[in-house]
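In what follows, structures are represented as structure tokens.
Shared between the two complexes below is chain A, which has chain B as its partner in the first and chain C in the second.
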Partner chain A sequence: MKKALVILVFITMAVSVFAMGDKEGTAAAGSAPATIKIGATWPLGDITGKQGSMAAQQAVDEINAAGGINGHKLELIVIDDELKADKGAAAIEKLVTVDQVDVIIGGMASGVALGQIPAMKKYGKVVVATGAASYKVEEALGADANWYFHLHPWDYNQGQSYADGWAAIQAKYPTIKVGRIFLAYEEGAFGKASFDSSKVLFGNAYTFDGAPFKSAAFGGGDYAAVLDAAKQYKPDLFLWAGYDADALPMLEQAKAMKFNPGIYLGAPPGWPADFGKSPLANNVMLYGMWAPAVNDISPASKKFYTGFVAKYGVEPATYFAPLSYSAVYIVADAIKRAGTTETAALIKALEATSYASPLGQTITFSPANIIKHQGIRNQKILQWQNGRQEVIWPFESATSKPVYPFPAW
Partner chain B sequence: MKLKGSYLAAAAATAVVVAFPAFLGAYPLAVARSIMTYMALAISWDMLLRSGQISFGIAGLFGLGSYASALAVLRGGMDPFTSILFASAFAAVMSMLLGLAILRLRAMYFSITTLALMEIFKIVIHNLHDFSGGPEGVVLPEPIFGGSAPALFWLCMAGLFMTIGVSWYFEKSKMHLALTAIRNDETSARSSGVDIFKYLLIAFVITSTLQGMMGAIQVQSYGFTTPDTAFDANFTLLPLAMALLGGIHSTIGPMAGAVLLGVASEWLKLKIPYGHLIVYGFIIILVILFMPQGLVGLARKTIRNGRTGVRHE
Partner chain C sequence: MANKRNATVLVGLSLAAVAVIAVWKPTVLIYGIQAAGLYASIAIPMGLILGIVHIVNLAHGEFMMLASYATYMLCSATGMDPFVAMVPTAAVTALFGFVIYRLTIRQALKAPELNQLILTFGIAIAMTQAVNLIYTSQTRKLSFEYVSASIDIGELSFGIFNFVFVLVAILMVVGLRIFLTRTTTGKAALAVGQNPKGAAIVGIDVDRTYGLVFALASALVGMMGALFITRSSIFPGVGSPFTMKSFCLVAMAGIGNIPGILGASILLGISENFLKAFRGLRGWADIVFFVLIITVILGRSIRGKKA
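Presenting the complex of A and B:
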């Protein structure tokens, strides 16, 4: 009897907590829609999600300070997806059914997005996604997901932009020769997808090979095997696709092994905050969408950067910050033009987006391989020079010339 | 009379849970599904623990079930519900074959081997790229039952109830005596005629089957899987923490731990968006340090002390 009573107590407790959530929803539904609610999910324990959500809040505050949208204030409701598919899916359910948001933004990991898609499809709310690069996400969405606006480039977009970038750099700087490329990739979905798409794109024009490694982010951190394979291969361009936790240890081990490729390039979603302060970082190249150096060429970037530093006292360290900031402005601008948050009108307004973003490029939407609304299609090629990330390519956004070759240790 | 009351209360609790979709929205149902999944894993882990064997292979068998179900649908054309049964049977067969090899091991040797198996399963799935989708995983045409929140809830609940039922059977049948005897003193148990290997194999196969089944339910509910998702170490670590928090060697302990940690995790996340995981981890450490017998053990001790106090008066 006691055991059964314990069961009843636990169930009552759990139901009470859940029911509280439902009551919140009822209250929200009963009140006048004085605010426009933007729901968002990011991994808040990761720098991409943390700074992405901070930048989105910055944009909301700026818009509200300027009078809101058509007289309505904006409200941002952020839920941590914890980099877990089930948590991300539950977050979408809460945002839609309890918080009753008008639009959903955010996202970083493809694995979480895949878990969220069934709930997104069920409700058909407008989504402006800041993450999810895997083509599997696009496959799961299908061609009918006209409510889905994808800002981040797909993996195949990124691969194509790198191929274009290196061709352009070699044409402009004849001293830079890239014949052999080696890709060290983390063994998970992100790294393998990078390898597969790069193999297709680089395979014809370059001699291309690669090997996997276990990322320090998932308990790895010993790169001796993959660096040795790369050294034997003698690449002109050594590229690694992993996470921020791999950046410094891989560089230190490369130095210890006296591995000196002509170009040493990393492609993590975010870099360690103090990476640029390490003397080893100088002249390391990277793929990314944004760096503080973009402030030199873009007033929108300067406005974002200045506001972020003033509000939070730290520098944005990942392109997810300006990307998420852009997502809020794109949504706000579309609602303003549509005059409503009604889905069909909002989709139409979003399709007409032309936003001069802090990423140093104007964002518009056009069809991708499957979905109808793809935003950004390229990443930039950058280089750490004297502690600062400089844009090398595209040339119209360039803030410096490349330093080549990567100096010997 | 005591037994009858207990059954009545359990039936009432079951009825309340079954009726959740009638008065809870999609979000609480999604959270409940997550809690029920971890609860089933915690109970199944505890069932083997009652023999003294500590398995770290929960995530491995969960992932194995996930992939067996997903690939049965995608490559075998099986319908989603049948694929869950298939995945459970697959986990049973695999665990029986593995059990024949590893159940001769004891203590940390068994634990480390189960941990290694988890990694091996993951590596195999990683490398069977054309068949398993490799690191990018596989996407199903759609979640089971069209993604209906109540139907998914009841499916997960059915998996949980099956696990609870088997666990209660373990508690009430001679399995309990056999596993407890093995845990307390293997030599005495053997000299008393307990077929140690047989009982360990039965417990290992049954708990693995339940873990594989929950993995299959999970993949069919979300409509996709990747090696990183299916073999996530959280599917090993969280059930352990839940069972330890609630109290081991019982059915009710892991249930209590799963509800408390599951609800606490979600509540903390909403109240402390930036830092809830630190608080969550801190709670687990404190509970394990100061309540090693778990909540159920603490409750039992409190009730016992209360009774003793009454008698003294």
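Presenting the complex of A and C:
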């Protein structure tokens, strides 16, 4: 009996001790500030997506080093969408259900975004999207997607900004005349969409024509036929919409064919490494959102650029890096102001965003054609000058004046 | 007799078509022949491997891609011209090809063809991913003044640099013909290609010959990789479209018919550029490639049945 009593007392004590221990553990966990999780998807095999994720991590590290948000540390969880819609959709499912993230950022290709939208709608988490330019994504989102904040301009925003830009440049620099525009476009979906939207935008104000070519990115790389058509058209502005793999070979063939438009403009998503070092690159114009030259006019750009180079030892190759960096800061700022990651409060805080971004412009959100929260609406017109991309337009962000005409070979 | 008459009629019609094109749109011929040179000089090494080792190397384009990156790094670091750099690049790719053969292809020579295809496909993916990890997907291109060399004939200005690839293709065909018919190793390779068992019976080291042929083809494709950077940007996926194109040209020419690859390339290059000359037909240039292949292979099969 005595022995049984001793065992009972021992068990009671042991249970009490374990219970206390557990209670203490819970208390400790409860008192420690929870980490705020930001989920993200980018195509990590592509330099644009890879550097987007690197820049986002840079922003997270900077914020954490400065004490986090309201005492909470940020954690970035990135999943590679591999530029595939199904992988992108699965990534959203995992981020929400397994990783239990508070906010989702990222994205690059419109095709992937289209695949992700059903999962995004299902969970209704706040999304700050860095990619997806196609109007089809906006149509798929619909007017009810008030949790979706789109940073990248839609394709129609971009087209309109180009039209505005050329009108403004001609008004400011009367020697620059744009009457005839020829668009050489890669024969895939990206190029065809560029041609269709440009035709609508430029078709009334300018004489406009174009022809397709097979991009070197897909096994092409022979531009003779398209350049021949362009040469016969005698455009004032020759624009090509393709990929970075087309940039220098097309210039070399244009030179060989003595094709000399007044303005030679490229619109690839990125440029080849060391493109600026080629003598042919000088005075080629381009569309983009950011270049290292923006450091001259924007302290935010300089901070981002210096931090990126110091952290990774390479230059940001495309504007997706500062755009992704901006996405983290926008989210962090909104959480700080909202004091919570609760969806309704966070949406309200994001709607009040006014962020002086490294892209050289302040980002705010306002309604687009369908969605309620559109961030950036314009691309910039830039020009390669002595190995550097200089901003020509908008004039308030300009780092240099345009060189015109494109010099004869 | 009828065959000879048919052949004469075919040659006559072809010459007439070429003459009409030359008068109507000379650029179709110029750019068509230039494209043919590039296609042929990349496809010929694959034809050599397929004709003698009897392996469809689905990593063919990736070998060229690796050689392009090696040349790019060499030229960037030393300022060397790719025409000079192609010598060390060819030597390195020959060695690399030999190692790949010994470590992988050799083990699958007696395996079913599907296994061989999967093996070389796996090698291709491994190469692409390795380059993507090391150099990222950002494209690279060195700029050379001579690439934009041109000629003016009347109002027509056109680039002449790409004729280099025509010259390279002709040199490859002639060089391989001399190697295969005039050298002991070449004759042995030809014998192995025709009948490996018979060649082994007469004392030819079949395995060594396969290794040598694979190394030689790798050297040729490495050389092409070096020259490729003069005209094209490079990125991890740059080689794979050329694998498919090369295989189709080899199939069109007939296995083991190396001069035929040059002929098939000329037919393809001119046909593609002929379609590109018509505004509404530019997008069909890729389809003509497969139409030609299907026509040629079907024609050959029907002739074979009749025979």
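Just so we're on the same page, the second predicted complex is superposed on the first by the 376 of 409 C-alpha atoms of A that agree within 3 Å, B and C clash if a C-alpha of one lies under 4 Å from a C-alpha of the other, contacts with A are read in each partner's own complex, and residues count from 1 in each chain.
Rule of thumb we're sticking to: contacts are C-beta pairs under 8 Å (C-beta built on N, C-alpha and C of every residue); 3 or more make two chains touch, one makes a residue touch a chain.
Quantities reported herein were computed from a predicted structural model and do not represent experimental measurements.
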item	value
Which superposed partner A:143 touches (first chain B, second chain C, both, neither)	neither
Touched partner set for A:256, first chain B, second chain C, both or neither	second
Touching partner for A:34 - first (chain B), second (chain C), both, neither	neither
Chain touching more of chain A, residue-wise (chain B, chain C)	B
Chain B versus chain C as contact partner of A:167, first or second or both or neither	neither
First, second, both or neither for A:50, with chain B first and chain C second	both
Which of chain B and chain C A:352 touches, first, second, both or neither	neither
First, second, both or neither for A:309, with chain B first and chain C second	neither
Which of chain B and chain C A:344 touches, first, second, both or neither	neither
First (chain B), second (chain C), both or neither touched by A:216	second
Overlap of chain C and chain B interfaces on chain A (superposed complexes)	45, 50, 187
Of chain C, residues touching chain A in the complex	27, 31, 35, 132, 136-141, 143, 147-150, 152, 157-161, 231-233, 235, 237-238, 240-242, 244-245, 273, 276-277, 279, 282-283, 285-286
Chain A contact footprint on chain B (complex, rising order)	2, 5-10, 12-13, 16-17, 20, 23-35, 37, 126, 134-137, 139, 142-143, 147, 149, 218, 222-224, 226-229, 232, 234, 252, 255-256, 259-260, 262-263, 266-267, 269-270, 273-274, 276-277, 296, 299, 303
Footprint of chain C on chain A - complex, ascending	45-47, 50, 187, 211-214, 216-219, 221-222, 224-226, 228-229, 243-249, 252-253, 255-258, 270, 272-275, 277-280, 317, 409
Contact set on chain A toward chain B in their complex	1-8, 10-11, 13-15, 17-19, 21-22, 25, 44-45, 50, 53, 78-80, 82, 84-87, 89-90, 93-94, 96-98, 111, 114-115, 117-119, 121-122, 134-136, 139-140, 187-189, 191-193
